[in-house]
Every structure is written in structure tokens, then in C-alpha cells.
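Shared between the two complexes below is chain A, which has chain B as its partner in the first and chain C in the second.
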Partner chain A sequence: MDIKIDENLDITDVVCPVTFVKTKVALDELDDGQILAVRLNDGEPVQNVPRSVKEEGHQILKLLHNDDGTYTLLVKKVDDE
Partner chain B sequence: MAVDYKALKNGGFMRQKQKNHFSLRLKVVGGNLTAEQIITIAEVAKEYGAGHVHLTSRQGVEIPFIKLKDIDSVKEKLLEGEVFTGVCGPRVRTVTACQGSEVCPSGCIDTYPLAVELSERYFGRELPHKFKFGVTGCMNNCLKAEENDLGVKGGYLIEWIPEACTLCGICIKACREGALTEEDKKIVIEEDKCNNCGRCVKSCPFDAWKGEPGYILSFGGTFGNKIAFGEQLFPIMQDKEQVFKAADAALDFFDRHANPSERFRVAIERVGWDVFQKEMSEFYYGH
Partner chain C sequence: MAFTNEQLERYSRHILLKEVGAKGQKKLLNGKVLIIGAGGLGAPIALYLAAAGVGAIGIADLDTVDLSNLQRQVIHTTADIGKAKVQSAKETMQAINPDVQVNTYQIYVNAASIMDLIQDYDFIIDGTDNFAAKFLINDACVLQKKPFSHAGILRFGGQLMTYVPGEGPCYRCVFREPPPPDAIPTCRQAGVVGAMGGVIGSLQAMEAIKFLIGKGDLLTGKLLTYDALTMEFRRIKLPGRKDCAVCGEHPSITEPFDYEVPACDLKAEGESHENSPEL
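This part shows the complex of A and B:
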């Protein structure tokens, strides 16, 4: 499955709760159906950010395991209005 | 006429340092009060108290500086507003609860109705010493279940749904116990590592985990003069009726074994945890 990424976000340089805040802000700026790729660290970010994104009602498409130990979370924006 | 301070205390009127003044403890279940009840409480605090209330450590409300001569009027006024007085002394105290699964995204069980039901069954029941129930919705334990004589903690009994799973790996990362691994395109659960926290269920983007609410009980917690965590003696239980059976059995044990003024935990320690566990399993499992 080929996924077209509309926007990239790197949250490997911040910690909780800024990880989720940045993700939320980035998703707010997208249109319904657009796709955000979030690069995030192992540990606390990968434990919590996917769950928070899900609880906001967006659709997670994939979690990619990168060679450098980070992850890339692909999220499709779901506008609930 | 002599004032029966003990009777007043049992009914929630706590004697203050100041002569003939009482701090009136109100009945609050699961930390919830209606807006109407709060208005009544505010009016009583203004008219009969010192214009403020005190929030207790167990989600209760007390109205301090109620005068001895006003006690009957205060009771009447509160009753009109459907506010009830609390209890003190050797009996089942306020049942506390977090907001639970109906409000909180982390919640695994619906805590408030359970707190109400526990309160309806046990609140005020006379015992050798005080007895506290607390209900918390999940492993985050906002309500501190193990501080209570009987603590209830919500969890999930989990089941993996292979058809829905994309093997994204989020659940494996979300699990803080290291209970999940991927082997041959399957998610494997190490049952003895799973603590029923339900984070796999909550985090899964594809609904590939089913979580059935369950109750984890702890017995003998105390956080006053003596500090000790309640002990989890039995695995997570799914049936709410079982919670009541276990509570019945625990209170029955307390009634039969404790000396007057002896806390639940002290009685268990004196009689022996093994005896307690054995008695509980008889009630709990019926053998």
C-alpha cells in the first residue's frame, strides 16, 4: 500500500507532553483525509502518542520501524465536524 | 442536659476544639454531588457555619463551625436539599471513586454506579473498627485503591483479534509489562506478565484487541497511623456480583475475628493471612 504523505513532523527533540501537543497542532493544520508522518522516539513517546492520537479521533495507518531506532507514525486526519 | 457527643460523632457531627462547635461531615458517594446539593451546602455553611466548607481527604465535605444549638435546624435544612449527613466511628465509611470509564478515557470500569451500589449495601454498617472502600477505574490508580480496607481497581481481560490486526506493533510498545511479542505474524501474550491494565486495547488503532472489564480487589490497606498497602489475593474477576460476594466475605471475617477497635489489617495479621485467604476462597469460589 502506497501512502502519500502530506506533512512531516519530527518530535524526537521534545518530551511529553510537548510530543503530543506538537502532533495535535500539526494535525489541526491539515485538512480532513490528509496524512501526517510523525517521527518519534522509542520509550514514552511511542507508548503514548499513538494512543492520544487515537483518542482524538484520527486514524492511525501504520507504525514504521526506522533503522535509527526511531519510529514513524502515519496518521490520517479525521475532521469530526 | 448532658450532650451525647458520641452519638453526634457517629452521625457526622465532629466535635471541634472550639466549645460547642461541630464540623459536620456530609455523605458523599464516589465524589459526586449535584449542583443543587452544592447550593444547599453553601447556604448552610453561610447561615449556620463560618461561610466555608472543608474538602476531606476522602472526597467528603465537612461544614465546620456548626453550633450545638443549630444542629436540628441544620439537619432539617440539609434534608430539604437532599443532602445527607455522613458517619464516623467503627463502621463502613464514605465509598470513594474516580470518574471511571464513563468520563475518563483511561477508565476500564464504570466506577460511580459500583460505588453507589457498594454504599447502598454497606455504608454505615457497624463493625469492630472503621472500614473504607475505594473504587478506581484503571491501573493509573487515581483513587489509590490499595489505601483502602477493600480497594477495587478496574482492568481488562484481553483477547487478540487476528483478523483486525495489521501487526503495527503499537500494542507491544504500549504494554509496560513486556507481556506482548510478535512471533510468526502473531501477537503472543505472556499471561503471567499481563497485569490487565488494558493499554493494548486502549492504544490499538485497529480494534484488534477486545477488552472485557474486570475487577481487581485488594484487602487490608491502611494509610493512617499504620501505613500498609492492601494485598491482591485473587486474580481479576469479571462478574460484579463476585465483588459483592468478596466484600460480604471480607466484612464477615472482620466481624468474626477482629477485637473491638482493631483495624481490618491488624486483625488479618493477628489471625494470619493464610487463614484469611482460605476463608475468602471458600466464600469466593464456594469451596
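This part shows the complex of A and C:
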């Protein structure tokens, strides 16, 4: 399945809770159905950010393991308003 | 408008909330709120709205800071004694959050000044201490179709309600006229616990924030009362009145006017106007 990425975000340079805050702000800017790719660190971010994104009602498409030890999270924006 | 990294961190606890988010925080940053009275109620209101990043906050009060104010007016410090309350409040608010524009009005809010004063604001907050001001604020807000929060505190008690045009009764629907002079003591005569301003003023700040972000239920058509001694909150449903003199079907009040302020309420040198003789 090919996934078209609409926006990229790197949160490897920040820590909780700014990791999720930045993800949330980026998702707010997107339209319903658009895809955000988030590059995040192993450990706390990869444990918490996907869960928080899911709690907000968005759809997690994939969590890819990158060669440099980071992850890429693909999220589909779900606008319930 | 994009957030700076500093703003993302400053407002992170708001943005994390589903009901606020980035959109809600932008609404707060674009919001304009006027606080009338920089005293017991106005102090916590101004502190929380500034911290929350409400973009433009007006604050109106004629008085200067007095030693007897400091027991409850937590936005002022001992070093501020003698300074205009609006100036002292502005300095504290900008020290907390430089994002916020603070407009100061060192005036006595009366029928001549109130219409211009409230015009540019989205939401008005009554933090005054006398019935004349409370009815004046109500009438002006009804006439200009401005939402506002009313509150009053005295001794161990407090109350508040919110008016939104077309969505419930106004203050005059409920209380009609000021009580006879001396029927109810002022805070200066009766006293008030300082934390009461914190409890009720914080609830008013919460109403302003909910109004700006457009989430939750406001205290429209409801009076919330608080008794600190029994630790009871009561929410009383308020009926609207079709024959209300200002918001009814055939209003007799078509412009704001001033009630006479009882002599003991008139501002003595350095004294304050912040508490309500309400309950």
C-alpha cells in the first residue's frame, strides 16, 4: 500500500510533553484524511505519542523503524467536528 | 499564525487538552477581555487570563494600591502601595506573560464612559464592589449585546452568573434594582476572606476562557453560589423576565445611567472598590 504523506514533522529534538504538543499542532493544521509523518525517538516518545494520537481520535497507519534508531509514525487525521 | 517553540511550551498544558488544542489556544491569543475592577476579584482574573495567553486584556480601575488591599488583591505587592492599581496589575501580568497586551483605564467607570470602554472587547468581567457599578455594567452589556460575567463576594460567601445575549436572563432580570442603601453591608464594613476573591474570580476567569474557546456550558440562566463555611456550592436556575427593564420585550432603559453610590462606598483616599456587597 502506497501512502501519500501530506506533512512531515520531526520531534526527535524535544521531550514530553512538547513531543505530543507539536504532533497535535501539526495535526490541527491538516484537513480530514490527510497524512502526517512524525519522526520520533525510541523510548518514551514511541510509547506515548502514538497512544495520545489515538486517544484524540486520529488513525495510526504505520509505525516504521528507521535505520538510525528513530521511528516514523504515519497518522491519518480524523476531524470529528 | 504559527506558534513559536516558546509558545508551544508555554501553552502546552492547554494545547494538550482536546477541548482547547492549537485552535483553542489561537482563539485565546486572539481574544479580548475587559476586567472592570482590579481588586479582590480582578486580581486572580487578570493573573489567570494573562497566564492563559488571552491576547488583549483591558483592566479598568480608578484606585491606587492601599495596604488594606494586599490581604486579597494578589496581583499587587507591598512595593506597589500608592501605585495605580491598573499599572501595578499590568506590570505583574506582563511579567507573567509578555505575549499579552494589557490596556489600562485609570477611570471611574460610569454611564459617560462605559459604552466606549466595552466596545472593543469580546467578553466583559464585573469585578466591582458596588451595586451601582454592577447594574451599570449589566445595562451597558445588554445594550451593546456583550456577554459578561457578574460576581460578588462578601465575608465567607460568593456568587456568580454569566450573561450571553439571547441565551438567558440578565442581572437586572434577577435582581431588578439595587437594594436600599445600607440594607447590605459593603466588604469594607463586613469583611471578606481574601481567598474568596480567588475562588470566585477564578471561576469568572474560567467562564471567560470557555466563552473564548467556545466549549462547555456557561452559567447562563444560572446563579452559582458558594458558602465557604459549609463548603456548599449551589446552582440556582434563573428565569428570564419578559418585562425586564433592560433586556425585556419593551425595555424602558435604552441607555446606561448611574445610580447614586452610597456615601460610605465612595472612594476615600487610597481605598478600593473591589468587593461586592452582594450576598
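What to note about this one:
Criterion: the second predicted complex is superposed on the first by the 81 of 81 C-alpha atoms of A that agree within 3 Å, B and C clash if a C-alpha of one lies under 4 Å from a C-alpha of the other, contacts with A are read in each partner's own complex, and residues count from 1 in each chain.
In this text, contacts are C-beta pairs under 8 Å (C-beta built on N, C-alpha and C of every residue); 3 or more make two chains touch, one makes a residue touch a chain.
Worth saying up front: this structure is predicted, and the values here are computed from it rather than measured.
Overlap between chain B and chain C is detected when the two structures are superposed via chain A.
Within the superposed three-chain model, A:E56 lies in touch with chain C and out of touch with chain B [touch as defined at top]. Looking at the shared chain after the overlay, A:K24 reaches chain C, while chain B stays out of its contact range. By the touch criterion defined above, A:E7 lies against neither chain B nor chain C after alignment on the C-alpha atoms of chain A. Of the candidate stretches 22-30, 40-48 or 76-84 in chain B, only 40-48 runs into chain C once the two complexes are overlaid on chain A.
Comparing which residues of chain A touch chain B with which touch chain C, the overlap is empty.
For chain B in complex with chain A, the residues that touch the partner chain are 105, 166, 168-170, 173-174, 176, 199, 202-206. Chain A makes touch with chain C in their complex at residues 17-18, 20-22, 24-25, 28-29, 56.
Within the complex, the chain C residues that touch chain A are 3, 5, 8-9, 12-13, 15-16, 18, 21-23.
Residues 42, 46-48, 50-51, 54-55, 59-60, 62-63, 65 of chain A are the ones touching chain B in the complex.
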